[in-house]
Structures are given as C-alpha cells and as structure tokens.
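Before anything else, here is the set of structures, which you'll find just below.
What follows is a pair of complexes built around chain A, which joins chain B in one and chain C in the other.
The block that comes next holds the complex of A and B.
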C-alpha cells in the first residue's frame, strides 16, 4: 500500500481548524476575567515551545507515531504501557468535544432533537472521514479552512459594523489582572487548546516535507492564537465580563445581538456552523490519534478496522461520562488540570529529555 | 440488479430521509408569533401575569389577499409563579405554539417595577428563542397588559410601533432611549443603578382596545414615551422627567440629537437650537474618599428658529448665544445629577467607570457606594458650538427698539 502523505498547507489548515475547534466557541480561561484575550497570547510562547518539542521528536523519528518513538526512547517495557494510556485519554477528550457540541446545539437551536441523533450523525461523519484516510481528511481540512475563515470574517465584520464592540470592556488591564491572566494561561490555556496538538504527533509521520515542519506548525499555532485572542476579545467587549463568564456559548449570544440597520440579524446559523465544523475536525483528529496509536501498539496494519470501535466508544462515552452539562463542565476542570497535562506536556518533555540524555551518553545501540 | 447495487440504493434512500433535516421542524402555520411580552404582578400575590401580544396573520394584507380587517394583534395572558410557567400555561388559550424569536418588546407594569425586576430576566438569558435585544419599557402608572392590548393607528402591530416610537424620539428629542433587555441585565449585574425607558397611557384604555376607535382621526387611546424609570437594586424608586431625563441621557452619552430653547440676549423671544452632535467623556477618581466625576460634554448645534431679532453676523452675539447654550446644558446636567444624588442612585455608570479604571479605589468605596455617590462632586465642562444658522442669517423681523 502506498504511504499516505499530506502537504504543508494541508497540515497548516488541519492545525488551525483543530486549534479553533471548540476553543473558539466555548469560554476559555474563565479565571482571567476580561483579560482572557491577554491570557491566550501569554500562553502562546509556551505553546510554541511544546510544538517545537513535538517537532524535534518527529524529526528524530520521522516514520513513527508518538507511541512508536516512546518505545524506542523509553524501551518497550515502559513505552508500550505508556502508549496504551494515551488511548483512553484521547478517546475521552474526543467524547468530551462531542458532548459539548451536542449539548450546545440542543440548547442553542435543536431543542426538540434527541442528543443521540445529533451525536450519532456527527460520529458517523467522523468515522466516514477516518475510513477514507488521512489524505482525504487533509483535503477536507483545506476546503473548510477557507470556509471557516470567510465565515469568521463575516461574523466579526457584522459584529463590529453593528456597533456592539465596547472597548472599555477590554481596557485597562491592571497589574493584578496581568497576574491572573498569567495564572490562567499556565497551565490551563497552555494545555487547552495548545498542548492538545500532541495529537499531531500521530499525523506528522504522513507529512511530506519534514524540513518545513517547524515553520508550518509554528505559523499555524501563531495564526490560531491570534484568531482565538481576537475572537474572544470581541466576545468579551460585546458581552462584558459578567455575561461572558456566565454564558455557555458566548459566541452564540454575541451573534444574536447583531442587528445592522434592522436588516442583517439572526446570523446564528454561522455560529452553529462554526461549532459543527470545529468539533468535527477536533474529534476527527482525536479519533485518528487514538486509532493510530492503537494500531501501532497492537500491530494492526489496516487502520480502517479500528475506526468503527473507536467511533462507537466515543459516541457511548459522550453520553455516559456525565449526568448533565454542569457535571460535565466540573469533570472538565479536573480533567484539564490533573490528567490532560500528562500526555500533552509531561510525557513529551520527558521523552525529549531522555532522548537527549541517551544521545549525549551514546546509550542507543 | 446485483446485491451490492441494491444495498447501495437502500443506503442512499435511507440517507435521503435523514438529510431533509426535518427532525426539529416547526411549520409556520403552527406557530403563533409573539411580538411583545408584558409582565405584571398579580395584586396581592407573588405571581406574574404574563401577557403575550400575538401577530394575527389573517389580518396582514398580502399581495394575494387584502387581509381580513380584524385587528392585527391578539392578546392572551396567563399567570404563574415563574415567567416560563406562564408562558407554557398560555397554551390553554392559544391555538398555536407561541414562538418568541421575533419578540420586539418587553413591557413591565409599574407595580412589578416597584416590587423589583431583578429576577424577571433570567429566562431571556437562558432561552435560545427569546432575544436579548428586545426593547424594555416600564408602563408608568399602568399595567403591561393594557399597553399590549392597545391598538395603534399607523403601525398595525403595536409592539413594533412602540419600539419605533422610542427609537424615533430618542433620535430627535433625546429624553428617552431604547433600553433593551441586554442592557438591563448588564446594568443589574454591574455596579450602580439603572434607568429604563418609561411609557404612559394617557388616553382612554378601554377605547384604545377597540378597532372602531382606529377609524377616527384623533385616536382615543395611544401611548406616549414618558421619562426614565430609575431602578435602585431593581426596584423603581423614582422618575427622571423632561429636562432631568435629558440631563441623564447627556451624562450617559446617549444624546444623538435634541432641541433646546435658549434665551435671546436682550429680548423676550427664544432661540431654538438643534443639537445635532454631542459627545460626553467621563473620568471618575477618588479624592480623599470622595468621588469626583469629571464630565466633559461637547455639543454642536444649528439655529433652527429665532423667535426674536438676533444679528448672528456679530461675533460677540454668537459667543453670547454659545455661552447661553453652554450654561443651559450644564444646568440640565447638574439638575439631573443632583436629583440622582438625592435618590442615592448612581444611574450614570460612574461606579462601573471607577471600578474599571481604579479597581483599588473602588475597593474602598464599594460597600457604601450609594452614600459615596451622593456626596460625590461633579466637575462639569461643557463646550457648546453653533455651527450654522440654517438657510437665513438675520430674521425677517427688524430689531425691536
């Protein structure tokens, strides 16, 4: 079988869509009050460092996914079980995205549709794209990158044109608030959404031009960081810190306020589409990462065989993981603080350190 | 056809069923479109009486049919402890399911406003159908129900008419402004107090409900925008009226256009000045525990009418006119400020401004902000400019001797 490969722009588009994913629509970094846009930018350098570590490891082992070089670096006895632990974390995070999307869609628009219908349809779409393979996925990302950018431009333009932006909701940022911004940037925003890019450690082996990897990933990260910061700043300036901190879906509330000349209003559909597109890519990347790691660990040649079980597990765990949305959010806080940093930051940094040490002391045979 | 082909066909047909996207569908002829919501307090009880103004599609003329001649609106109401409960109980009286996505207006009866409205608006945030940018009004000395029942002569859907009325007067006269649910919620959640636009029903309420009353040139019902309701901690405590209301608007930087009658130097007539541009800058600081409000107003106007002889070509005269305009504006603003101080209601957003710019100073006064505001000092600077005198220079009247 021919090895599937993806180009620079395709990788770029995938990363941007993955980063925007749910982070664009849900409130992030709540603790930082009206300085959330600062937090997002403050977390960027840390995010870039992490991505450079992923890139370095990839360039050392260009043909292996993360579970592959984990066994090389740490030895099979440690690397294999550690790789296995990645699978449930990735699946759970994928299912969290699905759960959030389903709940937001129901409370924002599809009030009479059972959540199982919405979630199943989304999982079917994800399974289909994974079944078609990473190349098809990358091409889809290319197309949707354009669509998302155009929608984002339109939405931001109408919000500004409607005169809803009140800059006094953003400024001034006082010294104490800089500290708070820093605290919510590290580790929260650093891990979600930047650290989540660890998933791409399973996609990078398909990347065509290994030499360009740093440039592409960092550029994509910086762009998505600016877009996230800008969008959240707009939302914050429209809603004010109080409503922003209480809403489940700030972007939706922002867009419902738009009324340009009693003519352009009710642009909710754009936001719903943004949510669906973002979650689709985020979930697909998570599921792909889980599939790729599982396939690597259990030596399954054909990835397609794993797509169905992964899809079903994600679908079911999106229902059973939490009783209601508040419980889901509470779980999310614990998950984000206690568990997610391990695969996103701790393990890659550990791998990097051990690999450097082994190279230094010539411990590779 | 082989098996593969037929199973493919079956899958495609099944997909087509799902792709129509009808799961959440609600047909237009099964909806009752609510144009306005009124919320009142049931006397002697804790219940809300919620009134819905529903658009009657039959009476709306279309290109195919002229409309039935019935009133364009139907009003139904229901009572319950919660707004949502009343909303659903109204189904007992409605033939179609109420649909709220086009609600233009939320009216609050004065008794409810006096009891407090802080808890009324939660449903507007929580629901995805109700809109946060619906206009909000307090019905002065009356019930929201009677406001919504009132027919309106030019705009057939009276909720829409009321919103247009407030927007219209806000644009040219400036004593009122369109207050919306979003602004109310931000105001309640923020520091200080809020103002909500008031509306009065001066006419015959009973006549105003009848279609027949629309068939005469002087409509017996009708509503008039009247003042700004001052809400302290969500409770109606007083009204800003006339020039006080305009002074309030000035301090809030909400004046778009307005007219002022100012005295003429050395004559008994008045000059009408149309202010076409005004902007207000506010800075708040704490000096030895006393808040000082630095307000800078810059207004520009045209002379629209001169009720006495004025020679505008003389620079000194123009300066004098500008000076009068300036002092009169300052007087209105000061009056509004002092009235608010008397009520101990910071309706000018000063608390939010102090909190935003000087959070540490805010900490010192946040627990007794009402008192601190009442003792605060207004440092007012007005700049007034007359830009033009219209199509004429001097008046046709000669100088009185």
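The block that comes next holds the complex of A and C.
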C-alpha cells in the first residue's frame, strides 16, 4: 500500500483548525478576568517549546507515531502500557468536544432534538472522513481552513462595524492581572489548547518534508494563538468580563448583538458553522490519534478496522460521562489540571530527557 | 511518430497465425466474403479481367460507407497496367501485381496487403475497398471511406458569445482535423486504437508531447487496453468504464464539443479522447474546477471573466444549498429571518396544508419534470411546456394554496442557478445532490446541512481523475494555480501551466518571466 503523505500547507491548516476548534467558542482561562487575551499570548512561548519537543522527537524517529518511539526510548515494558494509557485520554477528550458541540447546538436551536441524534450525526461524519484516510482529511482541512478564515474575517469585521467594541473592557491591564494572566496561562491555556497538539505526534509520520516541520508547526501555532487572542479580546471587549465569564458560549452571545443598518443581523449561523467545523476537525484528529496509537500498539495494519469501535466509544462516552453541562464543565477543570498535562507535557518532556540522556551516554544499541 | 496500435490491426500481424488465411482461388474468397456478410445487398463486387496476364480481378466495397469518387479512382489507377507505355511499365508476373500496384500505380492512401479473411472483413466494414486477384492468396486494401456525414456546424450544447462557432461532428477524421488546425505543432501526438468487440469503434488519444505527463498518457493507454466491452457507442461508455470511483455522483471526465476547448485543455497538459461516432470529446484528467470554467472566460477581458466565474460559483452554492437552507430556516432557525419577513412568510403559508419540506420536494420534482419534458419534446412544443409548466402551473399552485409564493421563488431561483454551471453533467450531479441536502436540512436544520457539506467536501477530496486529486488546486493547495481558479487573471500573468497536469515544460510564454 502506498504511504499517505501530507504537505506543508495541509499540516499548517490542520493545526490551525485543531487549535481554533473548540477554544474559539468556549471561554478559556476564566481566572484571568478581562486579561484572557493576554494569557493566551503569554502561554504561547510555552506552547512553542512543547511543539519543538514534539518536532524534535519526530525528527529523531520520522516513521513512528508517539507510541512507537515511546517504546524505543523507554523500552517496551514501560512504553507499551504508557502508550495504552494515551488511548482513553484521547477518546475522552474527543468525547468532551462532542459534548460541548452538542450542548451548544441544543441551546442554540435544537431544544427538541435528542442529544444522541445530534452527536451521532457528528460521529458519522468523523468516521466517514477517517475511513477516507489522512490524505483526504488533510485536503478537506485545507479547504475548510480557507472557509473558516473567510467566515472569521466576516464575523470580526461585522462586530467591529457594528460599533460594539468597547476598548475600556480590555485596558488597562493592571500588574496584579498580569500575575493572574500568567497563572491561568500556565498550565491551563498552555495545555488546552496548545499542549493538545500532542495528537499530531501520530500525524507527523505522514508529513512529507521533515526539514520544514519546525517552521510549519510553529507558524501554525503562532497564527492560531494570535487568532484566538484576537477573537477572545473582541468577545471580551463586547461583553465585558462579567458577562463573558457567565455565558456558556461567549462568541455566540457576541454575535447575536450584531445589528448593522437593520439588515445584517442574526449571524448566529456563522458561529454555529465555525463550531461545527472546529469540533469536527478537532474530534477527527483526536479519533485519528487514538486509532493510530491503538493500531500501533496492537499491530493492526488496517486503520479502518478501528474507526468504528473508536467512533462508538466516543459517541457513548459523550453523553454518559457527565450528567449535565455544569457537571461536564466541573469534570473538565479536574481533567485539565490533573490528567491532560500528563500526555501533553509530562510524557513528551520525559521522553525528550530520556532520549537525550541515552544518546549522551550511548545507551542505544 | 510512435503510433501504437492495439486490437487486431489491419495488417493482422498480431494474431496472424490463428486467422483463416485467404485462398488463392478468387471465387472461393468471394464466396466466403459473401457468406460471412450474409449476402448483404450493400456489398458491391466488381469483376475485371486483366488483358495482359489474363487474370480475374475483383474489387469489393460496401456501398454508402465509401466515397464513390475515391473508389472509382482507386480501381481506375489499379487497372492502369492494362495500358502500358505511359511510363509505368508492366508487372513481370502475376505474383508481382500487388507490389506493382503499391509502388507504381495507385496513389490512394493507406494501401495495405491483407492475408486473412477477418482483417479483410474489418477493412471492408470500415469503408476500405479491397482488390482481390485470382491466383494470389493476398488482398490489397485502400482507404476509400467516406459517405454521408454531418457537416461541421455550430455548437449546440456549449454556446458562446465570442469565439469559434465550429463544433465537432460524428466523424473522427473531421474532429482530429479540427484540433490539428488549431495546434499546428509537430508535438501534437495522436494514438489510435479500436475498442468494442462488436462495434469496433475507432478511438484516438490526443496529447501534446512534452506538455502532458508521460505517466498519465501511459496509464490511460493501459486502462483503455483493458476495457472489455462489446460496444462503444458514445464517449460516455468510455467515461463510465474508465471511472475510478464508480459510486460517486461527480463526473471525473470533462466532455466538450468545442474544438477550441479541446485545444485549450491540450495546451494545459490534459489529454483528449476522441471517439468515432460522437461529437463529444472526453478530456481528462478533469478536476472539479474544470467543470466550472468555459473557453469564453479566456476570450473576454479578465475582469469580466473573473466576475462571471465568481457568479457561477455563487450560483452553484445556491443551487446546491438554496432550498435546503430555506427549509432549514423555516423549520429550525426562524430567528435568523428578519421579523417582518418571517411574518410575511408565515402569512403566506397560512393556507398551505403541507410541511415545508414536502412543499419544497413537490415543487422541486415538478421543476425537474418540466425540465425533462422540455428537453425531450421537439423545440416548438418544448416552449409550450415551459410556459404551461412554469407560468400556469406555478401560478395556479400558489392560488390553489398548495404551495406558498416564497417557495416558488426559491425553487425557480435554484433552478435557474443550476443552469449557470457550464458543464451539463456537473449541473446534473449538483441537482441530484440537492435533494439529499434538502432532506438533511429538513431533518437537522443548518447543522445537518453543515455536516452534509463536510462529508460532501471530504468525498470530493477523496476522488481522483487519472491520478490528479479532484479538488486541486484547492486541496492540495497550490498557490501558483490560484491565478486561474476563481479569478481569471490577465493573460500576462498566466505564465505557468497547471501544476498537477503539466510535465517539465511549465512556462506558457517563453521569456515572459525573465523581464
């Protein structure tokens, strides 16, 4: 079978869509008050550092997904079970995204539709694209990257044109708030959404030009960070810190306020579309990562065989894992603080350190 | 010129051994030919007796598929050895007659010596005239094909305001000439083969050497050779037999009846496939955006063409999603419609007994019926159908309270939008998909439409046409090709050919980039 390969721009588009995914719509970094946009930027250097570590490991083992080089570096006895532990974390995070999308849709206009229908339709789409393979996925991402950029441009332009932006909601940023921004940046924003890029450690083996990997990933990360920061700054300036922290979906609330010349109004559709696209790509990447790791661990050559089980697990856990949305958010806080840093930061840094040490002391046979 | 022939070639070298050879006795040969053709009345056999060697000669051809004048010239020239002394000499022995014919006497094209019956029949059936001489187990065929054919006329399906008015005809030779006349390059290559076990249809692959990718030409040739069909009546047969993804609603080969369109595509490194008997020439590889472009885009000024291209894309989106979004907005997202309009729509729908989806489905189906009826009927009646269907039926349906006026507007708008897609087969696919998307819109609102669109784009990204990704140059993105995608940039800026179809020679205007 021909090895599927993806190009620079495709990887770039996938990373940006993945980063924007849900982070664009749900509030992130609540502790930092109105300085959320600062903390997104403050977390960027840490994010870049993490990505450089993923890239370094990839360049050391260009043909292996993360679970593959985990076994090489730590030895099969430690690496294999550790790799296995990645799978449920990825699946759970995928299902969390699904849950958030489903709840936004239900609160927006599907109050009579059962959540299982909404979620299963999304899962069907995700499974379809995973069946098609990573190449098709990358091409679709390219096209949707452009669509998302156009929609984002229109939305931002309209919000500004409607005169809703009040800069006094953003400035001044007091010294105390800088500290808060820093605190919410590390580890929260550092891990979500930047650290989640660990999923791409399973996609990078398909990347065409290993030389360019640093440039592409860092550029994509910086762009998405700026976009996120800008969007959240706009939301914050329109809503104010108080409303921003209380609404479930600040972007949705922001866009409903738009009214230009009594003609351009009710652009909610754009927000819903952005969310659907973002969640779709984020979930697909998560599911792909889970599939790829599982396939690597259990030596399954045909990835397509794993798509259905992964899809079903994600679908079921999306509405079984939490009773209601507040409980879901509370789970999310714990998950973000206690569990997610391990696969996203701890393990890669550990791998990096052990790999360097083994290289240094020539411990590879 | 490396012409590769396949199938049983007229000189019968390929499968020469197994075929029944010709007999040396003239009468036996004629008897066999008559028997094999079932004593067909259009088979003409003329007998001559040469005076010099006293041998019987027969000229055989089939009436009406041969050019009468050519046949006469051929026979006349062949029998010239009757009158020696005109500087042509006399054949020494009866056995030398053919070589004498070939080298000295006959000026007709494509002379071939045939040794077996099947090849002879094939030559006969494709319009050749065959000479048989008594005492020699060989025959001589000369190309005399002709007969009645349609003259080159104006393009009927792909009309343009500016540009060539010529369109292809049903004759392969004429079609090749029409393209050759536009590209006078020695690099224009032509390969012919015969396909279809019964129809024995001639097919030509045309490409420009150095511009088309060698491996694409090779692949196409391989695929064509593996086609197993007993009949090829139209290029559509080949299109369907070659398709890589059989279950996709999207066409992966472009067809055109305009020679200038073929020439333009050849110059972009694509390959044309001409089939005898149809004016529709296949062009491949064809990506999605090839179907959205017309030749006229390049004849008009770039700014106008760009706007028209954008208009076409918008119309495509409307014709695909229009009714679906309308149904979704009315059923799920009433808040998206401005309140006065919503009140208006609600009051229009007051007396309508059906749900919006059923209403839309009924109107769409009616529209499709009217369209189909309009195509099939002779043109004078066709217009009556559209008047009755469009005006009377639409108006009456509204007044009878079966559909709301807004629905009529939406349906007719999408109908008209679907006609702006230049390629008819693409417009058909879009129209077909519209129903599916309308269903998801009615079932799940905008969310359903968004998911359907995602899956549709994913599906389109998975398609390939002769190895080229269907959505290129958008996915995979190639920045250099954006100049001729949604916009049509000025010709000065179009210095390179499309990346995925071209081979090494990328530049269009040599030297233009150096300044």
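Here is the rule we use: the second predicted complex is superposed on the first by the 365 of 365 C-alpha atoms of A that agree within 3 Å, B and C clash if a C-alpha of one lies under 4 Å from a C-alpha of the other, contacts with A are read in each partner's own complex, and residues count from 1 in each chain.
One rule holds in what follows: contacts are C-beta pairs under 8 Å (C-beta built on N, C-alpha and C of every residue); 3 or more make two chains touch, one makes a residue touch a chain.
Computed from a predicted structure; not experimentally measured.
A.B. asks: Scan A:360 for contacts with chain B and chain C and give back first, second, both or neither.
C.D. replies: The answer is neither, since A:360 touches no partner chain.
A.B. asks: Looking at A:211, would you say it contacts chain B, chain C, both, or neither? Reply first, second, both or neither.
C.D. replies: After superposition on chain A, A:211 lies in contact with neither partner.
A.B. asks: Kindly classify A:168 by the partners it touches after superposition: chain B alone (first), chain C alone (second), both, or neither?
C.D. replies: So A:168 only meets chain B here.
A.B. asks: Tell me the contact category for A:280 with respect to chain B and chain C: first, second, both or neither.
C.D. replies: second
A.B. asks: In the superposed model, which partner reaches more residues of chain A, chain B or chain C?
C.D. replies: C
A.B. asks: Under the stated touch criterion, which partner chain does A:3 make contact with: chain B (first), chain C (second), both, or neither?
C.D. replies: Neither partner.
A.B. asks: Touch test for A:269: chain B only (first), chain C only (second), both, or neither?
C.D. replies: After superposition on chain A, A:269 lies in contact with chain C alone.
A.B. asks: Tell me which partner A:140 touches in the superposition: chain B (first), chain C (second), both or neither.
C.D. replies: second
A.B. asks: With both complexes overlaid on chain A, does A:125 touch chain B (first), chain C (second), both or neither?
C.D. replies: In the superposed model, A:125 contacts chain C only, not chain B.
A.B. asks: Go through the superposed model and pick first if A:113 touches only chain B, second if only chain C, both, or neither.
C.D. replies: both
A.B. asks: By the touch definition above, which chain A residues appear in both interfaces, chain B in one complex and chain C in the other?
C.D. replies: Dual-contact residues (chain A): 109-110, 113, 117, 121, 266.
A.B. asks: Would you pull the chain A residues touching chain C in the complex into a rising list?
C.D. replies: On the chain A side, the touching residues are 7, 9-10, 13, 105, 109-110, 113, 117-118, 121-122, 124-125, 128-129, 132-133, 136-144, 146, 263, 265-266, 268-269, 272-273, 276-277, 280.
A.B. asks: What residues of chain B sit close enough to touch chain A in their complex?
C.D. replies: Those residues of chain B that touch chain A are 18, 23-24, 101, 125, 128, 131-133, 182, 185-186, 189-190, 356-357, 359.
A.B. asks: Using the touch definition up top, name the residues of chain A that touch chain B in the complex.
C.D. replies: It comes out as residues 107-113, 117, 121, 168, 172, 174, 176, 240, 242-243, 246-247, 252-253, 256-257, 259, 266.
A.B. asks: Show me the residue ranges of chain C that touch chain A in the complex, using the header's touch definition.
C.D. replies: 332-333, 335-338, 444-448, 450-451, 454-455, 457-459, 461-462, 469, 471, 474-477
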